[in-house]
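Below, subunit A partners subunit B and then partners subunit C, in two separate complexes.
This part shows the complex of A and B:
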């Protein structure tokens, strides 16, 4: 039973990582690529680590994989947010079918200050 | 926070009492310690920790549910040939004002697939979010405010 659960978790995790890799190629602009890759990859790695934890089922390994998952969930969004912000600042174009852009014209070019 | 330390201390005591240093035994001890703290909740002045634990658990469960549902939605869009996205950048007015609350909220929004928090305005009043599926900006804002933000405020306030 334990074996079965860990196998399912590892396979689901790898599937999510595969899908995020395809998403990297298929999404039309940078922001959506960031959306597709960071989250799916985080969830995928999380599933793989959970599968490993259940497979071994020892204090040291379970606690370490839980800590890796929590650090991953803490740091991955910060990186995605910084890359997205830098991209918008540098004028990376949004997809042509983007509906609203409420951020347009809110940046001060000189001071980098953001108006509300 | 003191109650959390007390709870962990009770769990460790339980581990030593039963002489079993397994991880599951720590969880058992933690649950038993929590029950003890719950029973004696009127003995001390601050009762906040007791009422907050279920809220933290409900926030975590809600977040995991959103994570899974949104991931499947994005995955479906990636593997099917047509693009169904309606991307937008939305200005989301913030009700939370402390730095760490904004950090947690922005992190949760970014981790939910399809949405990516881009920046916070310099006066910390507005969070700019890029989202892949926005049919109605007002509805989208309401969803985030009633979902993540309200649950987060119940814990931190």
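This part shows the complex of A and C:
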């Protein structure tokens, strides 16, 4: 039973990692790519680590896996937000078929402060 | 059965994913693309380390994954801070 659960978790996790890698290559725009990768890669790595933890089932391994999972889930949104903000100010172009840019004209170009 | 799944499914799939993300690192038109690609690359590297720890039966490898997670976050935040400061007046 334990082996079955860890097999399912590792297979699901590697498939999620493959999907996020394909999204990394195929998405047309930096912001869409970040949306594909920060969710799917974190989920896939979390599944693989959970499968490893259930396979070994020792205190050291389970605690380390849980620490890595919680750390990834805490830091991935922060890193994605900072990269997205820097990319928007740096002028990384949106996809050419983007209809609406919500942030256009809302930011002060000089000081990067939000004008409401 | 778990060893077979690890050897013939998980390691090849994760290796192919690393290769695909490396294509984006080479291709990426802007520097932000490359930073995001490296961030994803380290996350996939952690998964590879976990899978390889199962295959080689050495549980100490997971410490490397922990250090990799810490360093990836620090590197990404430092790059983002630098790029954002560069465009501010």
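In this section, the second predicted complex is superposed on the first by the 116 of 116 C-alpha atoms of A that agree within 3 Å, B and C clash if a C-alpha of one lies under 4 Å from a C-alpha of the other, contacts with A are read in each partner's own complex, and residues count from 1 in each chain.
Operating definition for what follows: contacts are C-beta pairs under 8 Å (C-beta built on N, C-alpha and C of every residue); 3 or more make two chains touch, one makes a residue touch a chain.
On a predicted model such as this, the values are computed, not experimentally measured, just so you know.
In the overlay built on the shared chain, the residue A:42 is in contact with subunit B and with subunit C. By the touch criterion defined above, A:34 lies against subunit B and subunit C together after alignment on the C-alpha atoms of chain A.
After overlaying the two complexes on the shared chain, residue contacts for A:22 are found with subunit B and with subunit C alike. Contacts of A:103 after superposition on the shared chain: subunit B is touched, whereas subunit C is not. Within the superposed three-chain model, A:78 lies in touch with subunit B and with subunit C [touch as defined at top]. Contacts of A:13 after superposition: subunit C is touched, whereas subunit B is not reached. Of the two partner chains placed around the shared chain by superposition, subunit C is the only one that A:64 touches, whereas subunit B remains out of contact.
In the superposition on chain A, the residues of subunit A contacting both subunit B and subunit C are 20, 22, 34, 42, 76, 78, 85. Chain contact summary for the complex, subunit C toward subunit A: residues 1-2, 5-6, 9-10, 13-14, 16-18, 20-21, 23-24, 30, 32-33, 35-37, 39-40, 43-44, 46-47, 50-51, 53-54, 59, 62-63, 65-66, 69-70, 73, 76-77, 79-81, 83-84, 86-89. Within the complex formed with subunit A, the subunit B residues making contact are 21-23, 67-68, 70-71, 74-75, 78-79, 83, 85-91, 106-107, 110-123, 125-126, 128, 130, 132, 134, 137.
Interface residues of subunit A facing subunit B in the complex, by the touch rule stated above, are 16, 19-20, 22-23, 26-29, 31-32, 34-36, 38-40, 42-43, 59, 62-63, 73-74, 76-78, 80-81, 84-85, 88, 94-95, 97-104, 106, 113-116.
Chain contact summary for the complex, subunit A toward subunit C: residues 3, 6-7, 10-11, 13-15, 17-18, 20-22, 24-25, 30, 33-34, 37, 41-42, 44-45, 48-49, 52, 55-56, 58, 60-61, 64-65, 67-68, 71-72, 75-76, 78-79, 82-83, 85-87, 89-92, 110-112.
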